[in-house]
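Shared between the two complexes below is chain A, which has chain B as its partner in the first and chain C in the second.
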Partner chain A sequence: MLVYLGRRLNLLVITLFILCAGSFALAFLFPGDPLTNLSGLANPDEQLRQQLMHKYALDQGFFASLWQYFQLIFAGDWGISMRSGSSVFEEVTRTLPASIELSVYAMVLSLFIGLPLGIFSGLSHRKALDRGILSFSLIGYSVPVFWLALLMILVFALKLGVLPMSDRVSLLYDVPLNTGFVLLDILQSDMEHREAALQNAFAHLILPTLSLTVFTCSLIVRLTRRSVINVMDSDYIKAAYAKGMSRSEVVWQHGLKNALIPIMPQLVMQFTLLMTNAMIVEVIFSWPGIGEWMIQAIYQRDFPSIRGGMLAVSVVVVSFTISMDVLLKLLYPLSKRQLHAQV
Partner chain B sequence: MPKSSFYEEEPFPSPVRQTWNEFRRNHIALLGLWCLAFFVLLSIFGPILSPYSALEQNTDAILLPPAWEPNGSTPFLFGTDSLGRDLLTRVVNGCRITFGASLILVLVAMLIGCAIGAFAGMSRGIRASVINHLLDAIMAIPTLLLAIIVVAILGTGLVNSMWAIALALVPQFVHQTRDVTRREFQKEYVTAVRLDGAGNTRIFFFSILPNMIEMLVVQATMALSIAILDITALGFLNLGAQSPSPELGAMLSDALETAYIAPWSIALPGAAIFLMVLSINLVGDGLRTALRNRLTQ
Partner chain C sequence: MKKNIALLLGVLPMVFALGACQDNRTRELAEQGLIYCSEGNPLSFNPQLDISGTTVDATSHQVYNRLLDFDSETGKVVPNLATSWLVSEDGLTYTFQLRKDVAFHSTAFFKPSRPFNADDVLFSINRWRLKDHPFHHVSGGSYPYFDSLGLNKVVVEVNKINGYRVEIKLSRPDSSFLATLATDFSVILSQEYAEQLLAAGTPELLDTQPVGTGPFQFVSFREDNHVRYHRNPDYWGEQQTQQQLIYDITPSSSMRLAKLITGECDVIAFPAQTELRIVEERGDLILDEKPGLNIGFWAFNTAKPPFNDARVRKALTMAVDKRTLIDAVYFDSAIAAKGLLPPTSWAFDDTRKETHYNPVMARQLLDEAGIGTGFTMDIWAMPVERAYNPNATKMAEIMQNYLQQVGVKARIVSYEWGTFRRLLAQGQHDSVLIGWTADSGDPDNFYRPLLSCSAIASGTNRANWCSEEYDDLIDQALAHTDENMRLTIYRQANDILEEQMPLFPIAHAYRFQAYRKEIKGLTINPFGGIQFAGVVKESR
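Let's turn to the complex of A and B:
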């Protein structure tokens, strides 16, 4: 197990290293002066230019400047956003929690809806219930997320007027920025009208979360259903029936455990898809998350922000994927046998 | 079942034929195939049939509702948008651009992915490990992020967004090809070919590729549906195809300003994307089931 942990840690470090180097290379690939792309200061005069050259060690060769870049990244100096003039690192730490919050709620909701539906569907293979659930999941899988979000805004926000269509919480409530997760912030704060603010934040969450959930949920239903069908067809399930166990006993003791664990790695893989969709949904609902922030950055050609945002999002995704991988390995004893089989 | 004739050889359907027979039994998948065929024909012949051009503005018919609404008129079957352009023509042209671009980029991604995958599947040790690590790093980056970076480097445009999506799709093909190649290389028929003196390249092209084609087709249909969703999403965010172009996603973002008074200009292009993706997914699912049934028989 230690060997495995070491390998994964190694993978994590190497991947982060590659991503860091990639973001450094971006400064040279983006149009414009690399120095401006790194620091975020447009049109520096000669003296400032010399200072920046020295700060980023650009005059001391490629590897020296790469090393300098790593040190600056770890020190939290990610350059300055060309739009707002504030530090990129601060803006990332402000916007990233909002995106993670949205994705986590959507993921939890999809798991709560998707897993049971997938199991029901798989257990009643080739029956009416299965067909119904499968068709719904196919439809949910094919709907473009941004179109669904627009339709939801049209129906619920404009026609019916029951739900708000943009931002995280109404401007009436002055929520102190603490953790960056809006619900936690409201719960922690001692503002007046806390209940009302909480309700308001919930109402703002409904539409973005739902439009994200539809896609993720249908994916989960499809994965779960396939896995349940495969397991229920296998020989050891027949053996369990032959032993005289009832259907519910078979399903609970043999079926579900074996069906659910193998799909966990695949579920983790869907996190990147969810992130992509979350970034699109953020733009539509003006959710102040990293997706919206980066899209705005590209409209205004704010290259330091794009560089920082890319690094932040990919680091989050990679760390999440690898740590879940390790966690699953701990929970699922069978996969320990494959310890050395895979790189 | 008794044989009808003693002397003639019993006809045994080819693998493709068997897959088609299995596929045909699934009526919903067949419906998806017809729907897909309709979209293909539409994107080939549609623009020729339509009386308007996609950019032509009819200033006397602005924001006309579709023909089935009380205020609509039949010359503009789907109504017009805020510049008086015929929506039906734009949707048909949009299907052509979106579908055609997705098809091309999936083919490119498949070619590149298969080449790298075959190479990775046949190589051992440090080379395979380097390829794996690189692919994992690319796979970890969300598609949209990759697209944002590519667009930031190359500038906006349909072709640039196609490169970005193709780059994001390549790892899937690499993984699939690599796993199959590695698995097949341990089978006996490959050993037999090797004993005949065939090299790695020859084994791959003449023995393994024919066994892999069907799986690749299934993978390509899945990739096609993702590609359509992504290309329209980028068009919608103004990162892909730019505004006057009748790409379906770009049309949706155009229609945003008049969404409240002209909801059909959002509903109809979106419905076209949805139907296109749905039919592709139906065909993909049907093919996958057919293939699975054939292999388990």
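Let's turn to the complex of A and C:
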């Protein structure tokens, strides 16, 4: 086990290292002065230029400056946003939680809806219920997320007028910024109208979360269904029936566990896909997350922000993937044999 | 298993119900704030430094007061922080009596120790007037409005007579001076706050963390997101019913409209021309319109023959039917212009007649001037959308058609906006479709920048037209403070313009304001930025 853990940690460190190096290279690949791309300070005068040269160790050769860059990244000095003039790291820590929050809620909702539906569908293989669920999941899987989001705005916000369509909480509520997760922030705060604010935040969450959920949920339904069908066809299930166990006993004691374990890694991996979709949905719902922030940065050619945003998102995705991998291996020791990393 | 399905089906509606149910408390709270969806970030929180509409809308009438104000109905100058004023016989000395017991905002970053007094007036005026003032060069040192009028040369002295009396001395009589003090840019800053900031070594905060005497006080600003104001509890005027005023920064106009429909905004900035019908058709939204202080016109470059001939200019204006232009380009959201001034101005001359569409007469005049059929000219159409001309290219196309009927061939010319303005200033055009938006209710703000000789150099006289007689008249008008006297003089100036026709006034566009039905007391201020003082939000 320790060997396995070591290998995964190794993988994590090396991947992060490569990501950092990649983001460092971006500063040179973007158009313009690498020094400006790194620091975010446009047109520095001679004195400032010298200072920056020294700070980023650009005058001491490639490896020295790369090493210097790592140290700065770890110290939280990611340069300055050319757009707003504030620290990129601060802006990332403000916007990233909003995206993660949205993705987490969508993931939880998808699991809550997708898993049971997939199981029902798998258990009633080739019956009307199965066909119904399957066709719905096919539709959900095929609908583009951005189109669905627009449709939801049209129906629920503009036509019915029951739900808001932009931002995380009405601006009337002055939610203090602590963790960056809006629900947590409201709960932690000592605001006057906490419950009303919480309700308002929930209302703002519904449309973006649902737009994301439809796709992920459809995927989960299809994965679960396939796995349940496979397991229920296997010999040990037949043996269990032969022992005289009832259907519900068989399903609960043998079927589900065996059906869910193999798809766990796949389910977890949906989260990264979800993050990507979340970034699209953010733009449509003016959700102040990293996706919207990066789109704005791209529009305005704010290279330090683009660099920082890409690094932050990839670090989150990589760390999440690897840590989930480790967690799953700990929970289900059966797969311990797969010692090597898989792509 | 059935139970499970039931449970599952229960999840979805539950999620909806959580959001949809709004109890009374939420509503009560929502009523305590007003959300205005604005079109962009204010560049500064001090309108002395930036004359863009976005900055003015966000600050002028919310955070600050001015010495004087415009009455939004009549356009006359009315008291604000100055309760009364006296102009000396020679029109060179202005004395202002200041309002007492006016408190500056008491905020998290500044606690005033004294009320507003003469020192604040001196500070606010001297900041833009004196180059050696400690705050003159803070935040750039450029004061576009005052610089463009050359006011630092007009105002020669600002004196404090006592704590509540200020005297301003001018170098020449200027009857538009009171109007200048009432514009959105002549705000009164706190001298005490400035001194504190200077002592703390952060003078630039004066323009980013503002303190004023206005109905709302600054709380926070997040770029591309929002500006938050709370009501000023110590406001000297009528107290606001709204606890908060929030600017939700939403650059896309369709997004603003959508937010207005869902109720996420109470008022929106600049509804697009094409979206006006949607607002009108909905029962829960209100669309207000008012003729704005602007003019869209067709200027002839009088420095270039044959446009130096008044007969040619008159003929060309007669060849075009103004009504069609207004229908097709402004979608009836403008009124036909009779002269430079819109009807909202006190100096509007309603005895004046419009030029009539008369192609036969036009041809006759052209023949007299020796312009045969097949004459070719350029019409420059500005590439951007402005209230005074929402679609210059379309207008030019229609005009092209009309001109063809009198045997004039018109070519439409357009460049990127920066290049367009540069070449225009160089006088390379034959004629141009452009316009003007005034900053104050004073008629001088139209007559001088558009057609005076000195405006050729500063680049606002698009006709490159210079008439000493006309310049004398508008200078004379400024020397008088009596409005009837000024009106008579402006009539004479109008006579010259009608005779000479250096530019063809087309239309005064309406200004629009869209808001929800619950909002009461919001009026369009034709003389500048939006005002939220006194706006009430009723329960739905």
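Here is the rule we go by: the second predicted complex is superposed on the first by the 339 of 343 C-alpha atoms of A that agree within 3 Å, B and C clash if a C-alpha of one lies under 4 Å from a C-alpha of the other, contacts with A are read in each partner's own complex, and residues count from 1 in each chain.
FYI, a residue touches a chain if its C-beta (ideal position, glycine included) is under 8 Å from a C-beta of that chain, and two chains touch if they have at least 3 such contacts.
Keep in mind that what you see is a predicted model, and the values were worked out from it rather than measured.
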Message = With both complexes overlaid on chain A, does A:Leu158 touch chain B (first), chain C (second), both or neither?
response = both
Request  = Could you say whether A:Gly79 touches chain B, chain C, both of them, or neither, answering first, second, both or neither?
outcome  = neither
Request  = In the overlay, answer first, second, both or neither for which of chain B and chain C A:Pro304 touches.
outcome  = neither
Request  = Go through the superposed model and pick first if A:Glu195 touches only chain B, second if only chain C, both, or neither.
outcome  = second
Ask   = For A:Pro97, is the partner it touches chain B (first), chain C (second), both, or none of the two (neither)?
value = neither
Task = Applying the touch criterion given at the start, work out whether A:Ile113 contacts chain B, chain C, both or neither, answering first, second, both or neither.
result = second
Request  = Quick one: classify A:Pro208 as touching chain B (first), chain C (second), both or neither.
outcome  = neither
Ask   = Which chain A residues come up in both lists, the one for chain B and the one for chain C?
value = 158
Task = Going by the contact rule at the top, pick out the chain C residues touching chain A in the complex.
result = 1, 4-5, 8, 11-12, 15-16, 18-23, 25-26, 29-30, 32-33, 35, 219-220, 223-226, 228, 244, 246, 248, 250, 255, 258-259, 261-264
Remark   = In their shared complex, chain C is touched by residues of chain A numbered 83-84, 109, 112-113, 116-117, 120, 153, 157-158, 161-167, 170-174, 193, 195-196, 199-200, 202-206, 210, 248, 286, 288, 296
Remark   = chain B partner, complex, touching residues on chain A are 11, 14-15, 18-19, 26, 29-31, 138-139, 141-147, 150-151, 154, 158, 272-273, 275-276, 279-280, 283, 291, 294-295, 298-299, 301, 303, 306, 309-310, 313-314, 317-318, 321, 343
Query = Which residues of chain B touch chain A in the complex?
reply = 128-129, 132-134, 136-137, 139-145, 148-149, 151-153, 155, 225, 229, 232-233, 236-239, 249, 252, 256, 259-260, 263, 266-267, 270, 273-274, 277-278, 281-282, 285
